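To start, the structure under review is shown below, and the notes come after it.
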Amino acid sequence: NSGDNNEASAQKHKIAMVTDAPIADGGWTTACYHAMLDAAKKNGYETAYSENVKQADYVSMFKQYADLGYDLIFAPGAQYSDAIKELAPQYPKVGFILLNGTVEGIDNVANVMPNAQQIGYLAGALAGLQTKTNSIGFIGGMELDTTKTKLASYEAAAKKVNPNVSVTNAYAGTFDDSAKGKEIATSMVSTKNVDVIFGDASAVDAGARQGLKTSKDRYAIAQPGDFLKDDPETIISSICTDNSALIDVCMQDFAAGKFGGKTVYGDLSNGCLSVGQFGQNCPKEVQDEFLKIVEQIKDGSFIK
Amino acid sequence: MGTFLRMENVTKSFGKVVANKNINLSIEKGEVHTLLGENGAGKSTLMNVLIGLYQPTEGDIFINDVKVKIDSPAKAVKLGIGMVHQHFMLVEDMTVFENIILGITKDSSVFIKAEAIKKEILELSESYGLNIDMDKRIEDISIGEQQRVEILKVLYRGAELLILDEPTAVLTDEEAESLFDIIKRLVAENKTVIFISHKMREIMKISDHITVLRSGEVVTTVKKEETDPDILASLMVGHEFVPSKFDKPVAQGEVMISLDHICYHKEMKHSGLNNLSLEIKRGEVLGIAGVDGNGQSQLAQLVTGLIEPDEGEVILKAKKISNFGSLEFITSGVSHVPEDRNKMGLVGDMSISENLVLKSIESEQFSYFRGLKLKKKNIDAYAKNLVEKYDIRCSSPEQAVKNLSGGNQQKVIIARELEAKPDLLIAVHPTRGLDIGATNFVHECIISARDSGCAVLLISADLDEVLKLSTQISVMYEGRLMGSYPGDNPPIKQISLAMAGKQILN
Amino acid sequence: MRLQETFFKVAIPLIAILLAFLVGGMIIVAIGKSPMEAYLFLFKGSFGSEAALATTLVKATPLIFTGLAATFAYRCGVFNLGAEGQFIMGSIASIMVATLLPKAVALPAPIIFIISMIAGIVFGGFWGALPGMLKVWRGLNELIVSILLNYVATLFMSYLVNGPMMERNIPQTAAVGDQLRIPLLSNTMRLHYGFFAALLVALLIHYFLFQTSKGLQLRSVGLNQMASKVYGINVSRFVLISFIISGAIAGLGGSIEVHGYSFRLMPGYGSGFGFDGVAIALIGQLNPIGTVIAACFYAALRTGANMMQVASGIPTSVVAIVQALVIIFVIAGTALTNLPKTKALLLKVFKEV
Amino acid sequence: MDFLQELLTATVRMTTPLLFVALGELYSERVGLVNIGLDGIMTFGASVGFMVGFFTGNPYLGLLAGALAGVSINMIFAFCTITLSAEQIIYGMALNILAPALSTFLYRMAFGIQASLIQGPSLQNIPIPLLSDIPIIGKALFDQTFVVYILYIIVIATMIFFNKTKLGLNYKAVGEYPKAAESLGINVFLLKYIGCILCGALAGLGGAFLTTGYINTYSEGIVSGRGFIALSAVIFGRWMPSGVVIATLLFGFSDALQLRLQILSPSTPYQLVSMLPYVFTLVALAVFGIKKAGPKANGKPYLREQH
């Protein structure tokens, strides 16, 4: 039976992910799930997941996995911090990986932080270069901390490369109503003549891209995967976040017995962040200019 | 003439209640066959079996000697059976016209050809003397008018066999007469009628055969010529039956209630009140005769506080009412037997005992601390007592009121209202649907209330009843009172004329 | 006869559950898992241990409150589909009192706790009063008003959680302080006393509905408004008050959830509780005690399902399918026994036996 | 000008799924069945419609499949509430649990967990000559997909059905007083089943429109409460086809407007702006008032041989 701790660890390590969204949201959650799968494959872990978990149930879900002898528990968001804080001390042998959040002072918690600022810079710079109407948009799902950071740096970067640009933003209030994404995009186009949109709202983004398609010369910057083939006309490029590298680091730490108590950052320099393929509607000049800026962002010289 | 319809060993039970037991009945083509029986004897149930609303637990039905299985009313319609139900089958939110044409498949058109059908119905209603405004909604017309709609409905369908379950309960004699004319015409056209009524006079007048039911079983079937009302009454109740007679002393008591030039929506002739004044003294029964739908409902609602007059004053126990609302009237000792027992008189889903005590539940008899804890034992005992006293036929006082027969539902209301020992009793069609024994009993109750000093306002479409009980009689017509007549030796002719609005006396 | 009837009352739901498991089992087999193991975990997860039982009862607590709120309104003949909004408003009131009041004035914890409960009751009652008032005074359909108010309450909570009451850049409010939390039964039985408060409220409502005059009158209003009017009952007042009380019950449920279990508000808080409550009230046959039992049943399915999902790795969707099947079959089973035809059949069978 | 036209186009687009579902509910409620499982039926229609559209490459087949899927899942509701006379609210809830779960299950069986949402074929707009050139409203009303035109026809047919036909009258009578209807030879059970079939088909279509006509992907939260809004719209529309059209248009319009306001005033918290459609409706309701209570027998189980 899977409840037996020693036996289980003697065989194969196990990692479980708990998420409040559907695992197949075609955005953030799916990306995290695939990251876990990739890292698990590399390190020979068994995986499990629980989706659509309500916030009130985080603790009991973590606990159930811990009781079942899981070695690592992966929590993809700052909203899991409290639950981890409550439970981690009770299960010192279990490693908790917290993505996008920080819990300090507990040894068996590893914080994993893709650099949201860099993501915002990348998207903002590209949008600022691409726009012809000098009006760009940003769609958020919920007002998460990382979302706000991305928005702020998106705006800063865009203004830096194109001082005349204005940024419009909207929150969908959901990550999974793709129809709403379409409406937000079309209204951004019609009210503010927005021509490039960067979305941070999973399934909503897919809808937004379809909204953009209804007018001419409107483009999207996708994330967190390289989604170009989904819509090569609308997408000019993707800002890719590869969390698997970060989870991989955690797994290796775990094997080496030095897990936790620290924050693992992910950015352009360690390959966690990258720029995806360019779409057919992204002019060569823009691409060249942008790639230069990517280097500046990487070495920290873009905005100080 | 052969046997048109035959029921063989029909039994119908609802769970443990056996409503019909081994019924054998044969009905000839072109006759009027009357079913007679006490309240709860099983008449309606048997007819509901015939129309396909209920499935018999056992037994067979034959039409023209062919065995039929009537498993739905649709089947019954196909077999040419139509029924006027005791509890109306009218959709309240629809107009009279819409109710009449519901379910009709006379022509094959998809759309409703309103103009043509209306004309047809109008002709029909005129030829039978059943006048009714076809564009009014059922909600807005009186019980009497609803009855007329029900009759029109079956007539328009042109059934071979018509079942009329107490169609005359709320009709005036004159209206009943025209219904009898209709029935005669139908029979002349070789149609068959099953008629249910508690009124002996009507039964003796219209029937060819009479089948008496008692406790769900057939007692006997007799030819009208070979029987008389007394024999029938005894057959029905199982012992000899002598109706009571009442004297009519002149009332000396103080005035309980007086209405002074009351107006209420007087522009709506039939459902308004126009400059109406009256007073009722203790020890007096004021009978209001009239065709239902001439403002009687509004009058009853006014003197029970359910509606407020536009003009005029209501003085109750020498106090001018300023605050209308039924609570005010109830606490002043007004009891109300409302016209529509299902809608206004009873909470069908509650038990008999709950319905009996609901109005006085906060009295010391039924609860501690004005309602904080019910005295269940007292309530049970009280209900048991009333069930016995008023002869409410039920399986137990815990039975839901909606499962009682129509007559027994009425008895529950009578019991509750009279036990409150009222100073003023408003009784609207108080014996509607009651059998003769029960009717007699209710009459005795009303008179004994009168004798103990209660003032009574009796509103009834049954002129006999008004004549029998009233010490004073008025007639209502189009929202007005048409004169006042003594209860002793009343001028029946004048009253009848006044009911038709034909004569105004001073 | 009686005995046999009760036997059927118990047997039919059990058979229904078995059937639901059977159908669900086929799906589980189809995805290559073992249904026996899955169901074992379902049971283990809901009743299998003290901890599991505690979780079940803790989860049942808010559902009991929203279920009672629905029951109470239903009994007065009005549909309160707004228990979710009222629950949320009650929770908002409590979280405000519990997190802000101690900062403003120094009051002993029990006093703050009581103020918080009252605030929950008042806010919930107020949110329930709105559809009540609009129904009584403007003739509006309470169903639609209460649904719309759910959305407003949820968005209002989302606003607070993301705006003025946000804590540490995470969309959630600050937590209720330790001394304001409802104590647990014991360390092994991690069930807070709020559950017993829910039981108490259920008993009170049961007493009110069936032992007091106002309860009788309320039920009569629920069954026949016109007749109740004739009986001298002030129907509008009953409708309004029952809405307020219904809302207050839900609001109190919110307060207790905040102080007993969730300790803070966050996105998605309370979602679905209102509709679950209505279903629970109906499954419990609009009887307060029945409502408690139905809520526990519902909660057991939920917690057991979590365990089943985690332990046997069955996807959440399949778990939800099994849950829905259980509800579908159980209610269908009871409905089947209530049909006149089945009743007659049973009667016959018993006669022959 | 452009803003207005675009606002109206968005209104029509956002109203379409709502109106489909609301009409379905209208057919259900007028025959006495309150179905609160609309979200579930829609979700099932959306997922099945999407999958069929994807695998056949034909969005029209997707629509058809969505309607059929809606009908089939609603048969659970129909059987339990009509044949077994069970409580309607419970079965509505049950559909809301079952159908989305079933959708997810089938969708993942078909596609697994992909990195991004699968894209299917989508309906193309078919501008109607002349009509679509009418200023302002022309484009909004007559440069739409095939489904929207179908919807116009359904609306008109529904109005005629309820107001002019015999069957419509009988149908309404069943919702008001089934026993009376039955006593007149109307087949209550049949009409109730028809009501469920229509409700399932229309709600399924509404869902399928989301994934084939509105956008061409399926995500698990795609329906997001639209069923409940449609339910409210039926009540707000006083159980009349024309009323339902107006009510859904009001919801659609205020939602479209709300999104635009949110974009025009980014400093106002979006939650407060999002409240607008609901508050707007509440105020409209309070001002106009509704005295009607809906079909009398609505929500009540109908048992033969019982009072």
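Read from first to last, the chains carry the letters A, B, C and D; within each, the first residue is number 1.
Keep this in mind: a residue touches a chain if its C-beta (ideal position, glycine included) is under 8 Å from a C-beta of that chain, and two chains touch if they have at least 3 such contacts.
A quick map from chain label to UniProt name: D = Putative ABC-type transport system, permease component.
It should be emphasised that the depicted structure is a prediction, and the values quoted were computed from it without experimental measurement.
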item: Selected interface, C-D versus B-C, where C-beta contact pairs are more numerous; value: C-D
item: Chain at maximum distance from chain D, centres defined as averaged CA atoms; value: B
item: Averaged-CA centre spacing for the pair chain C and chain B, given as whole angstrom; value: 45
item: Averaged-CA centre spacing for the pair chain B and chain A, given as whole angstrom; value: 75
item: Distance between chain centroids, defined by C-alpha means - chain C, chain D (Å); value: 28
item: Whole-Å gap between the CA centroids of chain A and chain C; value: 36
item: Interface hub residues of chain B, defined as touching at least two other chains; value: 14, 348
item: Set of chain D residues in contact with two or more other chains; value: 104, 108, 271, 274, 304-305
item: Chain C residues counted as touching two or more neighbouring chains; value: 155, 158, 162, 316, 340
item: Every chain pair in contact, whichever chains are involved; value: A-C, A-D, B-C, B-D, C-D
item: Chain B contact footprint on chain D (complex, rising order); value: 164-167, 169-170, 172-173, 176-177, 179-187, 295-296, 304-305, 307
item: Partner chain C, residues of chain D touching it in the complex; value: 36, 76, 80, 84-87, 89-91, 93-98, 100-102, 104-105, 108, 225, 228, 231-232, 235-236, 269, 271-272, 274-275, 278-279, 281-282, 285-286, 289-291, 293-294, 301, 303-306
item: Chain D-touching residues of chain C, taken from the complex the two chains share; value: 27, 134, 138-141, 143-145, 147-149, 151-152, 155-156, 158-159, 162-163, 275-276, 278-279, 282-283, 315-321, 323-325, 327-328, 331-332, 334-336, 338-340
item: Residues of chain A touching chain C in the complex; value: 2, 16, 20, 48, 50-52, 54-57, 60-61, 64-65, 68, 78-79, 81-82, 101, 142-145, 148, 173
item: Chain D to chain A touching residues, read off their complex; value: 2-3, 6-7, 10, 13-14, 17, 104, 107-108, 111, 113-117, 119, 210, 214-217, 219-222, 224, 255-256, 259-260, 262-264, 266, 270-271, 274
